[in-house]
Amino acid sequence: MIRIAIIGGTGYTGVELLRLLAQHPQADVCAISSRAEAGRPVADLFPNLRGHYDLCFCDPLDVDYSGIDLVFFATPHGVAQASMAEVLASGTRVVDLSADFRIRDQQTWEKWYGQDHQCPELISEAVYGLPEVNREQIAHARLIACPGCYPTGIQLGLKPLLETPGLIDLKTIVASCASGATGAGKQAKVDFLLTEISDSFKPYAVGGHRHLPEIEQGLSDICGEPVELTFVPHLLPINRGILSTIYVDLQDKSGPDYQLLFEKAYAREPFVDVLPAGVQPSLRSVKGSNMCRIGVARPQGRSKLVVTVAEDNLTKGASGQAIQNMNIMFGINETEGLASVALMP
Amino acid sequence: MIRIAIIGGTGYTGVELLRLLAQHPQADVCAISSRAEAGRPVADLFPNLRGHYDLCFCDPLDVDYSGIDLVFFATPHGVAQASMAEVLASGTRVVDLSADFRIRDQQTWEKWYGQDHQCPELISEAVYGLPEVNREQIAHARLIACPGCYPTGIQLGLKPLLETPGLIDLKTIVASCASGATGAGKQAKVDFLLTEISDSFKPYAVGGHRHLPEIEQGLSDICGEPVELTFVPHLLPINRGILSTIYVDLQDKSGPDYQLLFEKAYAREPFVDVLPAGVQPSLRSVKGSNMCRIGVARPQGRSKLVVTVAEDNLTKGASGQAIQNMNIMFGINETEGLASVALMP
Amino acid sequence: MIRIAIIGGTGYTGVELLRLLAQHPQADVCAISSRAEAGRPVADLFPNLRGHYDLCFCDPLDVDYSGIDLVFFATPHGVAQASMAEVLASGTRVVDLSADFRIRDQQTWEKWYGQDHQCPELISEAVYGLPEVNREQIAHARLIACPGCYPTGIQLGLKPLLETPGLIDLKTIVASCASGATGAGKQAKVDFLLTEISDSFKPYAVGGHRHLPEIEQGLSDICGEPVELTFVPHLLPINRGILSTIYVDLQDKSGPDYQLLFEKAYAREPFVDVLPAGVQPSLRSVKGSNMCRIGVARPQGRSKLVVTVAEDNLTKGASGQAIQNMNIMFGINETEGLASVALMP
Amino acid sequence: MIRIAIIGGTGYTGVELLRLLAQHPQADVCAISSRAEAGRPVADLFPNLRGHYDLCFCDPLDVDYSGIDLVFFATPHGVAQASMAEVLASGTRVVDLSADFRIRDQQTWEKWYGQDHQCPELISEAVYGLPEVNREQIAHARLIACPGCYPTGIQLGLKPLLETPGLIDLKTIVASCASGATGAGKQAKVDFLLTEISDSFKPYAVGGHRHLPEIEQGLSDICGEPVELTFVPHLLPINRGILSTIYVDLQDKSGPDYQLLFEKAYAREPFVDVLPAGVQPSLRSVKGSNMCRIGVARPQGRSKLVVTVAEDNLTKGASGQAIQNMNIMFGINETEGLASVALMP
């Protein structure tokens, strides 16, 4: 059994970790912290967990890291970095679901997140936890920076195109994305009331979203060259799911068979499903599951390729991917605890 | 392994059976039939099942019942009864999710379903598959009539009150219920388009819903006296879930501690969760799970008791309960394959 | 032109007043106040009003009541009462959309709203602004207490039954109601996030909702006897609309023709529409309109009558009714500015 | 008064025409036809119209065109063209909401709509009814081809950029659009059930949507050069609204002030609202209104310009625009009957 502590468990990635770990045969959740809810039973805040957990939230200062094998940070950015050195020093390994260690360039992080980084010395050690790109490094990592929700889908949608040099124009990529409202977390803000966002749809952060530098870093890592992305997120009036519709300019109109390129690239990936030619993914086909489904199209046979990527932002885009990382780190079956079928309808 | 055939698998109870059985360690789905979709891969119709099933739909006439241990009928009413005698004669056992064998009085069935019953000789053998009422008979049954979605919640909400004679007025019970749209099945009708029912709410079948005689029969079975119910269903603009708000007139204003009555009645039931005093269930706390959650209240200390019951109509209200019946019939752990946590948010 | 000031215009009843008044040929909105948003253009907060209003929010202390004919209070409870005496003294008339003057018994108000009443001397002068009950008093009133959203629908659904003595049991009435989330106003609370209430449904305030004493007072006024109501509100995952499903015990099973009773009672009412026998209202048939639609049914010919009532909680349940009151007070056509058709689909 | 007949009034553009015309002081709806519903009161099919219309649907063959000033065709494609010559011969004018006369090249129309055109001789006479482009021709037209819903938003979003030669690359434009489900009309198909599309999001018709040739024709008309568009529509789980997010490559990185360019271009348009710099439109700000709202952004100051356009597909995208055309044709105020405020929330 892997003995687990979750730091900051009252948000949506927290309850999603608990939902998934309840079905993981080798996971033992020993502690879950929340400053605000310390002492309250977890199942009182999250009634879906009644009967699955007897745990109460504890104060983060009361977590005893000795005997803990793995810590999940499910905290807002800026929190994990404050205690990371200490936590790692206790000998546990860490999967950080926040943005704290995702960006290698400290200045870039500080610019986009608007604060000083409190643990710059560990940035370079952190392994970016996208298994389809970094599986080997993940296996031996002490500190995993789990990718953001938008970055997961966009990188998986572009990886096969970036691995062969010269296929696409690296400066004109567009990712037009739409996310369910859980992407904003559980914040008591008027902007995220049902009455403000239901029965509607809108773009947001068009001027610049914090995931942009993370995505561009990841894409550049894959192809070894600078990549420029135009990234426009939109807010869907639903809970879960991100659909990324990616538009790229093909450099060579003859080019390879792109459908086949994608199918080969992901043939062995347990959580990436390339759909048959002509089929596009819907969000409901991934709801609650760790699967990422991808469609490839070349409208009118012209020089734009369209890649569509569906993921559940809380699962493959956050907590499911965190557990996938855990499975790799501890040498167990990568799909353990993650094999459940998406809820449809 | 229990070798399973599903007859009529293209509807929502069909895909829900497949979703749940994919996670059931002792289930082996050997055949799934559909006249309309024969030959088509199951995962083509239901993309959430990609990677979980290689099966194709087959013609119902091509199902080989030899070697099948259990047949689930997930067909519209009137279908199972046409082949039930033959299927049982092959030696398999059956869980019928349709309404065909739920009502013991043949004339009542024929009146409400508007057709002659084609297999009246098996009606009396059928066991009504509500485990919380009939667990023992289920264990040995050959033919289970799995309860309807509304009947499940309403019977569970009233059972503790009916078991003690004289607690409530049996002639004035009201069940004001609201169901997600999957309750109507997957019918190509204008009435069930998103554009007709989203962003709205309405009562329907106020003059008489087919579940009424089933519910009144079940309630009368529990208390041994005739029960009269006023039952008004409403249509929610969501996919899953039924909330039943039940109003009863207390005969004796002093009466017992109703909260305690419910807690005791269901203390050992794995799929009935009585919430703490003052707490009411929400549909999202049961979405995708087989759990039924119940709240009990006595507003203003007056003589009406209000019982609120949340269930997922496709899970505890249909396919989950069907599998719960299967587990009991085959002597395995009743919660096998049904332990997953509700998807929240 | 009626010169109008709106106090507290940043909430949903505020924007609804502005939406409706923009189409009212005799309304001139001269001032709209908000402490928090003073100085901000109204159309900046509510982009649907761009091109319709040039007004900015002003500080409530800066409103000049001289020259104002009518003040709408669209404030939380407790606010209007604090300045009511002063406002009326300036010579204007007032329609108060809040709960401050709805309940005649001061102690009852203080118990349910948890605070002392700051203007008890004006309670008895206030006219309860339900035109279908109090049209004449409204015409001459200086201060209107505009009914709550649930009270509007429930009173209209029961009025015809209460006007004839002895038709129904006054102690066993049940109102099982469901409201869209705008009923909770524009409060930055986790409980009202889309992620908490979408794709779900739940009862709330089962132990006692603040509208209960208002409703019981109104029902008792109509029939001249004490009425006891069991009132359970539920929260719908949509923006607008309240559906009230009302269950009453008929005293006399022979009784009158209830369909006819309702049709006659409301034959001349411009905003109450009794649907044909066998038809029930849906929320979408009243969305954005001031119409209240009612269905009447007697399931199985038994002794319960079921009345279903649909209203838009922001329109007939709040701002539309406030304008209907204004029209009556100023002697203009009661439907002026309120004749638009519900948005469907 | 303009005497109006509506051919094919049972769909969503039909009920939207009726909703808007009920508030139009110069509109007199004399006839509304439906083969399937002939004889049925309009308000029986559309309960929101109860009290607004006494009309019954009539058989299309029974419409008497003498005395009719204007006919709206709200029929599926292929219907209007079959009777257009005859209808025009009666001396009435026509606004055709269908696609029958939108595309000037007959072969292109026949290829995309999969049938022979039955009235090619009138194609060249038809005026494309986008008032912001063709106002003068509309005024004198006998036959208006009212634009499609997607084409309306995309053309309005690109027009200012196309009118100045050389601003943008005409071959790499992307329109990533999302539409509410009313865009699919009122078709009894499984694909459009609430249970299939609620709580989800997906791209569709990626390989080619029928609006593509119409849009490319319109864009080319504006700039006088061939334009190539990559157009990917998506299906939103809501009723109304289209958001078009348009990505263009700027030819000249210095270029003009694009915000100002848009503001000037639409300064006098009553139904195009350019939002302030930094603000993007949401669908709820246009729901039920004829307004089209546009945001302009240049993320990171790079060479892609992003234009976002919100419209209500049933209003500005169909029936509202049809009435705007009518107003222009009959020389009355262009905003008559179209001034109502969007329903928010």
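So that you can tell them apart, the chains are marked A, B, C and D in the order they are listed, and the count of residues begins at 1 in each.
The rule is simple: contacts are C-beta pairs under 8 Å (C-beta built on N, C-alpha and C of every residue); 3 or more make two chains touch, one makes a residue touch a chain.
Small disclaimer: the values here were computed from a predicted structure and weren't measured.
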{"item": "Shortest path length from chain B to chain D (each step joins two touching chains)", "value": "1"}
{"item": "Chain pair with the higher count of C-beta pairs in contact (A-D, C-D)", "value": "A-D"}
{"item": "Farthest chain relative to chain D (centres taken as mean CA coordinates)", "value": "B"}
{"item": "Centre-of-Cα separation between chain D and chain C, whole angstrom", "value": "36"}
{"item": "Centre distance in Å when chain A and chain D are each reduced to the mean of their C-alpha atoms", "value": "39"}
{"item": "Two or more partner chains touched - positions in chain D", "value": "12, 182, 195-196, 198-199, 237-239, 281-282, 284, 287, 345"}
{"item": "Of all residues in chain C, those that touch chain B in their complex", "value": "172, 174, 176, 178, 195-196, 198-204, 206-208, 212, 228, 230-232, 234, 236-239, 241, 243, 245, 247, 249, 278, 280-284, 287, 295, 297, 299-300, 302, 304, 306, 308, 310, 345"}
{"item": "Residues of chain A defined as touching chain B within the complex", "value": "12, 15, 18-19, 22-23, 46-52, 182, 199, 239-240, 273, 275, 279, 281-282, 284-289, 291, 293, 339-345"}
{"item": "Residues of chain D defined as touching chain B within the complex", "value": "12, 181-182, 184, 186-190, 192-199, 237-239"}
